[in-house]
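Okay, so subunit A shows up in both of these, paired with subunit B first and subunit C after.
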Partner chain A sequence: MPKLTIDGREVEVEQGTTLIEAARRLDIHIPHYCYHRGLSIAGNCRMCLVEVEGAPKMMIACHTQAADGMVVHTDNDKCREFRASILEFILVNHPLDCPVCDQAGECKLQDYYMEHGAAGSRLDEDKVKKRAKAKQIGPNIMLDTERCILCSRCVRFTDEITHTHELGITERADHSEITLADGAWLDNRYAGCVVDICPVGALTDRDFRFKCRVWYLTAVDSICTGCGRGCNIAIHVNRDRPHKAGGARVMRYKPRENPEVNQWWMCDEGRYTYKQIDHDRLTEATVEGRTATVEEALDATGAALRKAGDAVGVLVATTATNEELYLARALFAGALGGHAAYLAPPQGEADDLLILADKAPNTRGAQEILGEQAADPVAWVKEKGVKAVVVVGEAELTGLKAEVDHVAVIATHPGKATEQAHVVLPGSVHAEAEGSFTNLAGRVQRIRVAVPPIGGAVETWRLLMELGDRLGHPFDFAFEDDIFAALADQLAPFAGLSHESLGRRGAPLGSGTTQPAEVA
Partner chain B sequence: MAAGDNTTTGETLSAALAAKEVEVTCFPEELREECDALRARYETPRAALMPLLWAFQRRYGYVSREMERVIAEELEIPLIWVRETVTFYTMYNQRPVGSHHVQVCGNLSCTLCGARETIRMIEEELGIAVGETTADGRFTLSVVQCLAACEEAPMMQVNDRYYGRLDRQRVREIFGGLE
Partner chain C sequence: MSAPKLLSANFGSEVSHRLDHYLERGGYDEARRVIAEVEPEQVIDQVKRAKLRGCGGAGFPTGMKWSFIPKGGDKPVYLAVNADEGEPGTFKDKYILTYEPHMLLEGMLICGKAVGCHKAYIYVRGEFDLPIERMEQAVAEAYERGYLGADVMGTGFPFDVVVHRGGGAYICGEETALLESLEGKPGHPRLKPPFPALVGLHGCPTVINNVETLALVPHITRLGADAFLKLGVESQGGTKLYCVSGHVNRPGIFELSPSVTLRALIDDYAGGMRDGAKLKAVIPGGLSAPVLRPDELDTEGSFEGLKQVNSMLGSAGLIVMDESVCMVEAMHTIIQFYAHESCGQCTPCREGTGWMRRIVERILAGHGRAEDTANLDSIARKITGTTICPLGDAAAWPVMGFVEKFRDEFEYFCKNGRSMVSGEKVGA
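Right, the complex of A and B next:
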């Protein structure tokens, strides 16, 4: 394994490691535009030039492999001089439209200019005008070739990741432009990713454009709820400026790197599910169709459940978190001696990249925690003799009300289930509570609070605990991680895991218990 | 004036050039043998792209958007790869050209040796601007990228022949000697 020195520090890396990756091991960031770890190496932007002692010229760190004894400088005077020159070239035909550019604030040209350029323009001639300015190239994507630095990341994405080949670079030299193939439209299922990987303002998201300046956004780690893959995302929220974007709280999702799950990508189907967070939400409780306080609604359901004795059941949708599933199980199947099952997750199309057919984020968690699926909820309540039932989450339920004395629904959006409920309790979506999901591959991953529950909604886990209080089985959990701790304590696959140990990238079921070596 | 302006789409074709347009909607049998030989010569279909484009241009005088599609389908490669290649090289004509395609180098060495003045002079001699074709359909004038004959700067290529050290007299002689 080659051992080399970067900026005076030694590092040993695997054969074949590039200098940019070797430097990353030492937390040394080498500026770059075209290089992306998820794509092939293009080596065209030249921003990552570094000095390798003994080499006749500056080397690109993205493509130069580490060799034994190499001495590399990434930030000496020579590197800084080259970087400033490269940046000057890259900016030759770039317009100065940062004030009206949607990328401003998350633009690598701006970042590196402040860090490495910061020189006045020496261009006496007119800039070369490109053809496509603010041109729509797909349902969600805008192209601005004037701002493009031709790093080719988007082209490589459509060639190598989606294999859809919509984009290319046509013409040559300073007339080169990103172009759509004849008759093509950038509408593949992952098209939004080209916006994520565009280092400048050339590709922007039509859904997000001009809604909110990025420096007003707060990024919160979460998990996409679009399917059972559990793509790691950041939820970008606008917390303190309700005058922006008509008061919308959640502005967008961005994929977050996780090599074990989604690498750097996410699908458009999942990307735009953020709209459900603020759209058409249940914001107040109802009892028999009349608006009520949450307290009144809880009292009504509490009374109905008490009356039903052990003929009680809970049906939990696979959108519920592990924590909510655990509370449902502990209260209904445990303390009350009743029944608990999960509802069949909605099914859809799958593909061979990320999208799975199971369109719920926590089916695996439901399988692990509740075990039993109520494929036909009406048949299930009949079979179990359930007289009072609580439904957690949305479900395509019909005919339930006729079979039982009481239906309570803890839901976030109106639907079939809430239509036939005696009591509706407004619960929380994934962006409004701490918790965790277990993806279909069995990876347990955290979700974090991005925004408080909307309107009069209450965290679903709190509602379940309140029900416990009313039924004489109070839970003493102060926070969501206490619930997870109880879950880990009681269910073997979760043993040894905690919210803290899940970290930002999650952990597989079963990984929390390190088997002690057997003593002979 | 941008290199390659002559051969990209733009104003409608003159009658003389419009007559040279060829409709190719499926792979032409007359190029089948040549295409098969090219494909057999290279490891990947993409590698046969440039010579196949040449074969089309030799046969039809240019490579139309329809021909690009036919070639992409024949080689089973993405259409955009063909477009990238055709637009990168000034040697591929994207529409019909006159009988004599005058391609003046506008790159660095030639420019240092007066290519800008040479181009203006040729425009005067032919009575057309860069990108245009004479009314009789004889001459099309283009500015192209480096043709690798810097020692002869300023230079031009007319159809398949190079002519260097251009001045007004020499240009008149060259044009006068053409059919």
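Right, the complex of A and C next:
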């Protein structure tokens, strides 16, 4: 294990560790563009040049391996001088169009220039005219080669991660350009990731560009609900000026690094599911098709459930959180002596990178907490003799209304489930409540509140608690983490876990009792 | 100074490229003997003791390079012959390809024996029509007559050779870019380590040697290491091909001992300056070697000798300039070349070469500024040592050399908007 000194501090690292990673251990950030931990090393941007004592020239930290006794300087005068000079070179042909560039505010060229750049410009020559300016290269991606710094991250992503090889670099010298391969179209299922890894404004997302300046966005940790993988994401919310974006609050998802789940990536199918959060939502309650207050709707369902005695049931879609599932179980199967089951998750295509066939985020959680699946909801109510049923989430329920006296649906969007409802209660989506999902691999991961429930909607967990109140079984949970604590207390796989211990990267089922959860 | 013509005796011949002619001269005897009788270690040791230095430009000891190839590995070993001769001012390898293709093949066979290689690629510069034709003909003849193939000359030693025509990019003469190109990818030099001796062509151990280097190998085994070393100087065995071009009376190619001085090369072999003109500057080793003034030419034309005057022998292509040359204009020619040929991977080389070109063009157009000379120098300095491959250095060194040695010409052009030499502005 080589032991080396970086900026005067000693660190011991595994054989083969690069200087940029060794420095990271010491929380020393070495500026870089082309280096990405998920991709092969290209070594072309030269931004990470550092001084290694005894070496004849500056070394790139992304490729130079740590050696025993090495003395490295990452921020002395020489390093700063070279960094400033690399930035000057990058800017030779980079347009100074930050005010009209959609990347402004999250641009590594801006960031590093402010931190490491030269004050003035020595350049008075014309810039090289590139060919592709605002060129669409895929259904969701725009390319601006003038802004490209040729770090080749996007090329390596399509070569090494998706193996789809849509992108390449043509021409030479300062005429080099990122381009589509002959006949190619950047439409692989992960194409949006090239925007995430582009350090500058060369690749932008057609869905997001020009909708909102990034400095108006707030990032909130969450989990993608597109499938059972549970990719870690940040929800980017435009809290202050939704009026500038047609009322939309959530502007985009960005993948968040989690080596155990999605590394740095997410699929486009999941990426664009954010649109459901603000689109076509149920914002008010209805009773028998007539608009009602949430109170009135809860009262109606409460009365119907009371009347049914223990012939009550709850059917929960696997989009529900662990906390919602637990409340459903505790109230219906526990306190009321009725029945609880989960609905079959929608199925789709899987691939060999991230995408799973199970298109719901919490099927594993439902399996752990409710155990029983109601493959055919109508048959299930008949079999159990259920007379009043609460459905949480969306499902195909044709014929259900005819089988029972009362169907209440806690839903977020109008759909097949609400068609069968006597009472519709507007619930919350994952971006509107605290909670957790358990992905198919059994990893429990938190979701956080990004926005309040839309319009007249109420957090689903609160609606379930309100029903408990009306049925004489009040829960005394103040917050969602209290519910999780009760769940962890009752169900062995969750034992020892808490919202706090799940941290930003989650923890596997069963890990709470044997090992401390990883806190990132 | 008089040296036997190991390589160049038949340059210009109508027949020397044919197998029969080569055989009449004892051709392939050495390859047959070495393959049949000599141990690989002995061959490498002989080449080391002969102090053969790589003739592509870097002057790396060839025997040492061969010794880096791992022994007994489970991957095939490849030989890539660098015949992508593109360094401006250099025109020696194309003579070997054209007039002594079998000598190259024989050297390759001996190398193959030394490093355990059975498959070789000759990567030839795309523009070399005749050399490629000759090389392909030689390979075909050698296969037909059993000098290449599954059983070379009945020794049981298999050796295959493929002639690969390059696409015309200067950078593909850089050894790792050459490998990328051979693999069908753009010619982008690779990060090192790993070095090609361990991870080369298709991820396998690979020797990359220049044409002239390999063509000298049969002479080493024939003459013996000591005799070969004696043809050269202490640090560098054998003869050297020098290419002299520019304002001399007899431009051409000269095979000499590297003990020859640059001055003797110009005056005694290249016939002195054309029309009695006065010598102004010499670029000694291909375009990227730092320029020399007339008072620096008494140095020995060896790799070590040129180091003494802070330049380099490189590919031994001498470009001789008389006093009619405007150095600002000459620099434009140079920087234009590199700005065109940079592969575009590394930021400093990609952006810096074009930036310097545009500054020089502005100076030539009469719009120079006081700070331009210093800026050229400082841009060049920021390119050196910061790139994956030596092209960045190759582009920067001439600029630094020109500015250092002919600074007054640059400052004059910037200040007066016209050339100190011709009195004219040059650009539009």
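Observations, loosely collected:
The rule is short, and it goes like this: the second predicted complex is superposed on the first by the 513 of 520 C-alpha atoms of A that agree within 3 Å, B and C clash if a C-alpha of one lies under 4 Å from a C-alpha of the other, contacts with A are read in each partner's own complex, and residues count from 1 in each chain.
Keep in mind that, in the parts below, a residue touches a chain if its C-beta (ideal position, glycine included) is under 8 Å from a C-beta of that chain, and two chains touch if they have at least 3 such contacts.
What you see is a predicted model; the values in this text were computed from it and never measured.
Overlap between subunit B and subunit C is detected when the two structures are superposed via subunit A.
Once chain A of one complex is fitted onto chain A of the other, the partner contacts of A:G43 are limited to subunit C, with no touch recorded for subunit B. Of the two partner chains, neither subunit B nor subunit C is touched by A:Q490. By the touch criterion defined above, A:K57 reaches subunit C but does not reach subunit B. Using the contact criterion defined above for the overlaid structures, shared-chain residue A:I169 touches subunit B and also reaches subunit C. The larger set of touched subunit A residues comes from C, when the choice is between subunit B and subunit C.
In the overlay built on the shared chain, the residue A:S511 is in contact with neither subunit B nor subunit C. Of the two partner chains placed by the overlay, only subunit B lies in contact with A:A184; subunit C stays clear of it. After superposition on chain A, the subunit B segment that clashes with subunit C is 145-153; the remaining candidates among 19-27, 55-63, 127-135 or 145-153 show no clashing C-alpha atoms.
In the three-chain superposition model, subunit A touches both subunit B and subunit C at residues 168-169, 171-173, 175. The residues of subunit A lying in touch with subunit C in their complex are 41-47, 49, 56-58, 63, 82, 85-86, 88-90, 92-93, 122-123, 125-126, 128, 149-150, 168-169, 171-176.
Taken in their complex, subunit C has these residues touching subunit A: 169, 171, 186, 191, 339-348, 350-355, 358-359, 362, 371, 375, 382, 385-388. Remark: subunit A residues 159, 165-173, 175, 179-184 touch subunit B in the complex. Of all residues in subunit B, those touching subunit A in their complex are 2-4, 65, 68-69, 78-81, 83-84, 87-89, 145.
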